Amino acid sequence: MADLVWILVSAAVVNNFTLALFLGLCPFLGVSGKVETALRMGLANIFVMVVTAVAVWALNTFLLPSAPYLRIIAFIIVIASLVQIVEMAIKKLSPALFRALGIFLPLITTNCAILGLAIFSTNRGYGLVEGVFFAVGAGIGLTIALVLMASIREQLELADVPDAARNMGLVLILAGALSLAFMGFAGLFSTA
Amino acid sequence: MFETLTFRHGVHPPELKQLTAHLKIRRLPYPAEVVLPLSQHAGTPAKPIVRAGDRVERGDLIAEPDGWVSSPVHASASGTIMELGLSPHPDGTFKPALRLAVEPFSGQIPRPRLVPDWRGLDRAGLLAAVQQAGVVGLGGAAFPTHVKLKPPPDKPISMILVNGCECEPYLTTDHRSMVEYPGRVHLGIRIMMRILGVSKAVIGVERNKPDAIDALARTRPDDLDVTVLPLTVKYPQGAEKMLIEAVTGREVPSGKLPMDVGVVVQNAASVATIAEVFETGLPLVERIVTVTGLGVRKPANLIVPVGTRLGDLLEACGGLTDDAREIVFGGPMMGAAQANLDTPLTKGTTGVIVLAARECKPQASYPCIRCGHCLDACPVFLNPQQLGTLAAAGRYDEMAATYHLNDCMLCGCCSYVCPSNIPLSQQFAAAKAALRQRKPAA
Amino acid sequence: MTDPRLLVTASPHLRSRDSTPTIMWSVVGSLVPIVVFAGYAFGPSALLVILASVAGAVGAEAAWGRTGVVGDGSAVITGLLLGLCLPAGLPLWMAALGGAFGIGFGKTIFGGLGQNVFNPALLGRAFLQAAFPVALTTWPAVDGVSWWSLRGDNFALPLMSSQVDAVTTATPLGLMKFERIATPVRDLALGTTAGSLGETSALLILVCGGYLAVKNYLNWRIPVSILLTVAALSGVFHAIDAARYPTPQFMLFSGGLMLGAVYMATDMVTSPVTNRGSWIFGAGVGALVVLIRLWGGLAEGVMYAILIMNALVPFINRATQPRVFGTGPEKVSA
Amino acid sequence: MPDVSAFVVSAAILGGVGTVFAAAIAVARTKLYVWEDPRIDAVAGLLPGNNCGACGLAGCRAFAEQLVAGAIQPANCTVASPDMREDIAGYLGVDVGAATPRVARLLCAGGSDVAPHRADYVGLQTCRAAAAVAGGGKACTWGCLGLADCREACDFDAIYMNDVGLPVVIPERCTACNDCVEACPKDLFTLMPTDQHLLVQCRNLLDGEAATGVCAVACNGCGRCAADGAPNLISIESGLAVIDYSRNAAASPDAIRRCPTGAIVWVDGAQQLGRARLATVLEGAGR
Amino acid sequence: MTHGTPSAPPARPSASSQRLIATLGGFGALAGLLIVSVFVATSPRIRANKAAALAAAVQEVLAAPDRYDTLYVTGTTLSPTLPAGADADTAEAVYLGWRGGAPAGYAILAAGPGFQDTIRLLFGYDPASSQLLGMRVLDSKETPGLGDKIFKDAGFVEQFARVRAPLVPVRDGQGDGLPNELVMITGATISSRAVVQAINTTLERIGPIIAAHVPREPQP
Amino acid sequence: MSPRQPAPPSTEFTKGLWRENPVLVQLLGLCPALAVTNSVANSLVMSAAVLFVLVGSSLLVSTIKRIVPSDVRISSYILIIATFVTMADMILEAYVPVVHKELGAFVALIVVNCIILGRQEAFASRNPVGRSLLDALGMSAGFAMTMLLMGTVREVLGSGTFLGVSVFGPRYEPWVVMILPPGGFLTLGVLLLLFSWYTRRGDARARAASSGGADVEEAA
């Protein structure tokens, strides 16, 4: 249990996917403009990550032992196709949910964070439960980073930012500051 | 009870009332000309019924109300109507007004009893008489009094609340009225009680006017349920929502009126005026005005004919000092600066403050440091910090939709406390104006 | 009467006397005793380090800020506070670099005073700590050296590492975390222990902060909620396992908590504007301090706790908009 | 160790995975597909994307939907260049359509040289804020305050403030989006078709010397233009000349010749509002 | 972008399902073939690299044995053969070194959470004397300049060739001189403790298994 | 760019360097740009891998673009890209094992690198083979340029070395933060600010040069 907590906390804050591992930055910059959108994107991410964790576990257990060199390609295809199908299903079954979360799904599919999750949990040899905890932690971490950044950016939209700094450079510097702040979580729960 | 009766938040500006608080009310000599705007009240402007060259006596009707939420205008002096033209208005624009040349040596004797005796009137008659006498609120907004005295039947009124706070610094108009005419206040309450069918009245007075509290308590008629309630000295204690909160502990719901909580709030001088018009039979043609500030030579509390031009008034007060710099109608917290000495005083002018240059050095503005002092000051619990940032970005719709701009009463507390000197309430006034202008177009 | 040339301005025509520069310079004034105490405890090195970080901060403000903003005094505060959370033996070039980074990347880039998200002084320190972790955790010993001696290689050449091996020692928090040795609270309160320049005299900081709180230049709710949260949480854990977790008194008076709670968490620009938000912010800082100190990898967590909560401030502000008069359930505001 | 079987296995796995998911997608797209006219996105992509609302619709995408539906014509987008309109028309196979171009016109010529301030306004430097403080301190309370709210409101950089502090509209850039009209607290902008040339650049309701006392180029209501212009084209209402544009066809520059203050003008292209203009007006009026 | 005006408005999806499946299936098979070819070409080198890296590490922690055997942990015993169903790359193993015909100690893998992320290391251990023989960090993300001293600080690493299990971490200058004390790195206490902890926990589990194992030199 | 005539081939190459630089302008592929630029060597190897994948898949995609049905377009591209990535991964592991280990998962993550998929979607699937090749080369060069820039700044400040060679001498105090995550964000942030400052200055100049009468009057 303690290990599971550590996996979750570590993925969420200590080794935050966005701020410490540099995963999923393109959408991080793209959809962190509004808190509302950021939150939805985060939730959609958690969902896809859990789906991914399960798929990865299945692949690692049943298919890949016989052909480990197909790992990358199998992961990506399975994830991409799964998400596409889920997307279509949501669009059909619940248009409201689709508008809220679904529109982010294609953005997420082709995103480092998802494949990164797959590769990390494979490298660390996570089982199904550990993998899901890892996925939830990573998703929460991504959501935290997105929402924090979005609320900061909403505030800065009204600030007197010099024209020359009104671009993504500023967002990256903010991410740097956030990343500095998150260094405070280093070593959390890692030593008894 | 010590220091308990008040509202939450608010500010403590210096009171600065000592210049005129002790001065007896005097009568201003008639000027050579008065200018009577057709729009001296909230609501539809009055319709003129005289033409250039007409001769009128003091108190004669010269413009009649145009509908229910409207108020008539009466000649404030005997003389001749010169023209109906545009005249500068206290709101900074030019508005239609009747110019009247005052007869130089007239005794200014009005026709007898233009307003009937109140004792013989029923409710409807009283209400009609109040409207015909041109009585409007003298607390600043000049809202026609008869409208407030006829609430819709589904809004039962249980209390009359007389606003004797005069929380604005400098002003002593209501103060002197209460000290010198406490009987009129009580008579006014009696008449309002009859109109509204209410038996309970409370007079709220800030503790810094002990002589007024004393005078009102001394003259209180035994047969009326009237309480004189001393209140904490804090701005804006006199704002009606704050006053109601202090006295009843209830909040007037956002977007609602005092009558929604069963209260009618009327300024003390307005109440005295109701009594006065019935007592004298003369409609509302003059009012008490405090002329004060470091920029005027002889500060005074004056009875002034409505329509007297600012320049004439100041001259009667010894003129401006050499360093007079800014002239404000109303109190220093909410009053409006005037650019034109030809502007006439209207029924709603509570005071004239002349600020000296040393009082109004323009202070440098700094960026907002998010100190939150404005949030702690705002009596209606808005977030002026956020509103100010949104205003600067021109996001007026968001201000109204999310941050309750419409609840802002422009009291100026936020601007007063802001250490960065951000003109918050001015931004809000501008935002409201922009939204108002945009609304009808859309 | 001749028409005077009148002025027309918007109401209100009266303004309170406080102004932003007044507030800022008052804070500077209130920091003077703390700086003097740092000088007394750590010798000339202390004053040099503080001077260097102020120079870095003010220099950056003058170079990159809008014209004429140095006079508002806020950059001086940044420099002073940064200096106060550095070790005395730090090479001066690092102190100046920290000040310049804090102002440049923590403030002017957002548009200067009032626009920043993170506390510039702490951002500068976080940068320094991540850049030069060893130098930033080299604590000179408090006693056994003459007042006049430098407490480290303050004069190391820019970009170069220090050449002198100073006498160093562990901080009370380091001793606690890694050795489970508690320093007596009396020593902590009086400031006779090792640590950064301003984390030494908790009592003095409380007194100076009290002055600012009385003048309403800082929001007392923030330090109060931080200290209460730390005391409560550490009290609970100490009660559960006294051998493992330090006493609340130790937690309150050790490390940078006092300086952080009184002077840094209260930076109005980077803390919530609402009073309800301030309580939440303070509680958050307190909880994070306890979390990092008790279970984190670092001995001290005040800086990171405040920075992390800084990042949450826009969110807290959104979530704690005041209840507008005449709407919703009536509540008595704090 | 890799031998032939590895090749077979991997080809089979990947081929199989590909096949399975292709089949799944094939099923999904028939069962789950939600159709949306792709032309809407395409047309929205061809529009300028300013979302200015000048077309009267809620942004460019709404305009695109209407275009695809055939409810409106490409020319209704005043912001798009002629090329862009043609692209859209070509793409949808419809007519570009025609709309009379309109531009914003300023109804004031009282720059700082001719219309003085009575009092010094100090405070927030926007027209909107100043207007609420004793009208901004300008002697003519109808006149332009020159604090450029309109320029700030214009998304198309079509307005610049000239040497006497008046906003000048650059007709080539103006898209008639109405933003400046809404921004001006003194209601000094109006959108006019470019084929209307006669214009009274004044809204001051005072007459005679009261008017010229506050602004040298104010309309003083003397009535000369009404007399010189076509019958019923111009009338004087409360001290101001008012043009009846329904009779625009009868308008000619004759009407402006005798105007003593130059308040009425004949515009073609940009309005002339600077010092240079004043010199010619006053010279022409023999003053 | 160069595509300018889009061409004809795309109508509803058109391709037949068979074509879909054929395309994706075909590409899949093709891709599989390509990858396998490269795999076949590179895998000997990759394996050699890995083996070399492992050999170097074992060399270091067992003080240069002549050679070593891979023993897989099967339940509570060690066996030279891969347990059924396990994968050679992932199955837990220890390495038994031989020097001059005698066992030179076991090289054991250990891992544990460090300051930033998991630290993975290999250490040499002699069950007879409970003596450590050496330690090498294989993988860590510890902070450069601080935490990375656990493999860059020679003084720290050398201690592992002498110290006895179970290890007891002590601060510099504060130990009692006992044989199982290990001096931590000042400024990187956490990382050094993490190393100690990882070794101790691994030994707790594997120590008895190793102790029970009788080294038998397999036939060359 | 005029939508009607195609641009000369040379600009297909040069646009990627500056005007449409994938990292600085399109803000794509940021993850590797931040994650692996903590040393110049890593940056270079990563750039080479991207070059290999981008060029390979662009060639293939532009060749087969006609036979892929639109519903499985993206899936097929991903399949193709993943194939090249897997190949690159194995080749790197075989020939530069040390760097491969440092790059970690980021070689595999080239699959989802937004630059590559973006180029297939936006360019290779609509253009002939030759142009696609130029485009791919240009984009890779632009990527490599930025990576090199970042790698240089971060290695020089963060370790005091360039490609492992000391720059400031032995007494240099490295700014460790530069090779940590915050340093990556800060470096790219500053780079973007400088870039935008530079382009804005250029724009302002161009504007001043081509300004019409109105702007002249405005200046007066």
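Which chain is which? They are A, B, C, D, E and F, in the order written, and residues in each are numbered from 1.
Here is the rule we use: a contact is a pair of C-beta atoms (placed from the backbone, for glycine too) under 8 Å apart; a residue touches a chain by one contact, two chains touch by 3 or more.
Everything numeric in this text was worked out from a predicted model, so none of it was measured.
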Go through the assembly and pull out the chains touching subunit C as well as subunit F. A, D, E
Between the pairs A-F and D-F, the one where more C-beta pairs touch: A-F
List the centre-to-centre spacing of subunit B and subunit E in whole Å, with centres computed as mean CA coordinates. 84
Determine the centre-to-centre distance between subunit D and subunit E, using the mean Cα coordinates as centres, and give it in whole Å. 70
Rounded to a whole Å, what is the gap between the Cα centroids of subunit A and subunit D? 45
Residues of subunit E that touch at least two other chains are 5, 10, 13, 20, 23-24, 27-28, 31-32, 35-36, 39, 43, 115, 143, 145-146, 190
Residues of subunit A that touch two or more other chains: which are they? 69-70, 73, 77, 81, 84, 159-160, 165, 170, 173-174, 176-177, 180, 183, 186-187, 190-191
Give the residues of subunit F that touch two or more other chains, as numbers and ranges in rising order. 71-72, 75, 79, 82-83, 86, 90, 176-177, 180, 182-183, 186, 193
Which chain pairs here would you call touching? A-B, A-C, A-D, A-E, A-F, B-C, B-D, C-D, C-E, C-F, D-E, D-F, E-F
Okay, in this complex, where on subunit D does subunit B touch? 118-119, 122-124, 126, 128-129, 131-137, 141, 152, 182-183, 185, 187, 205-206, 210
Of subunit C, residues touching subunit F in the complex: 91, 94, 105, 109, 127, 130-133, 135, 156-157, 159-163
In the complex, subunit A touches subunit C at residues 35, 147-148, 151-152, 154-156, 159-162, 165, 170, 173-174, 176-178, 180-191
For the complex, give me every residue of subunit C touching subunit D. 5-10
Per the contact definition, I'd like the list of subunit C residues that touch subunit B in the complex. 1, 3-4, 6-16, 18-23, 72, 111-115, 216, 219, 268-269, 271-275, 278, 317, 321-327, 330, 332-333
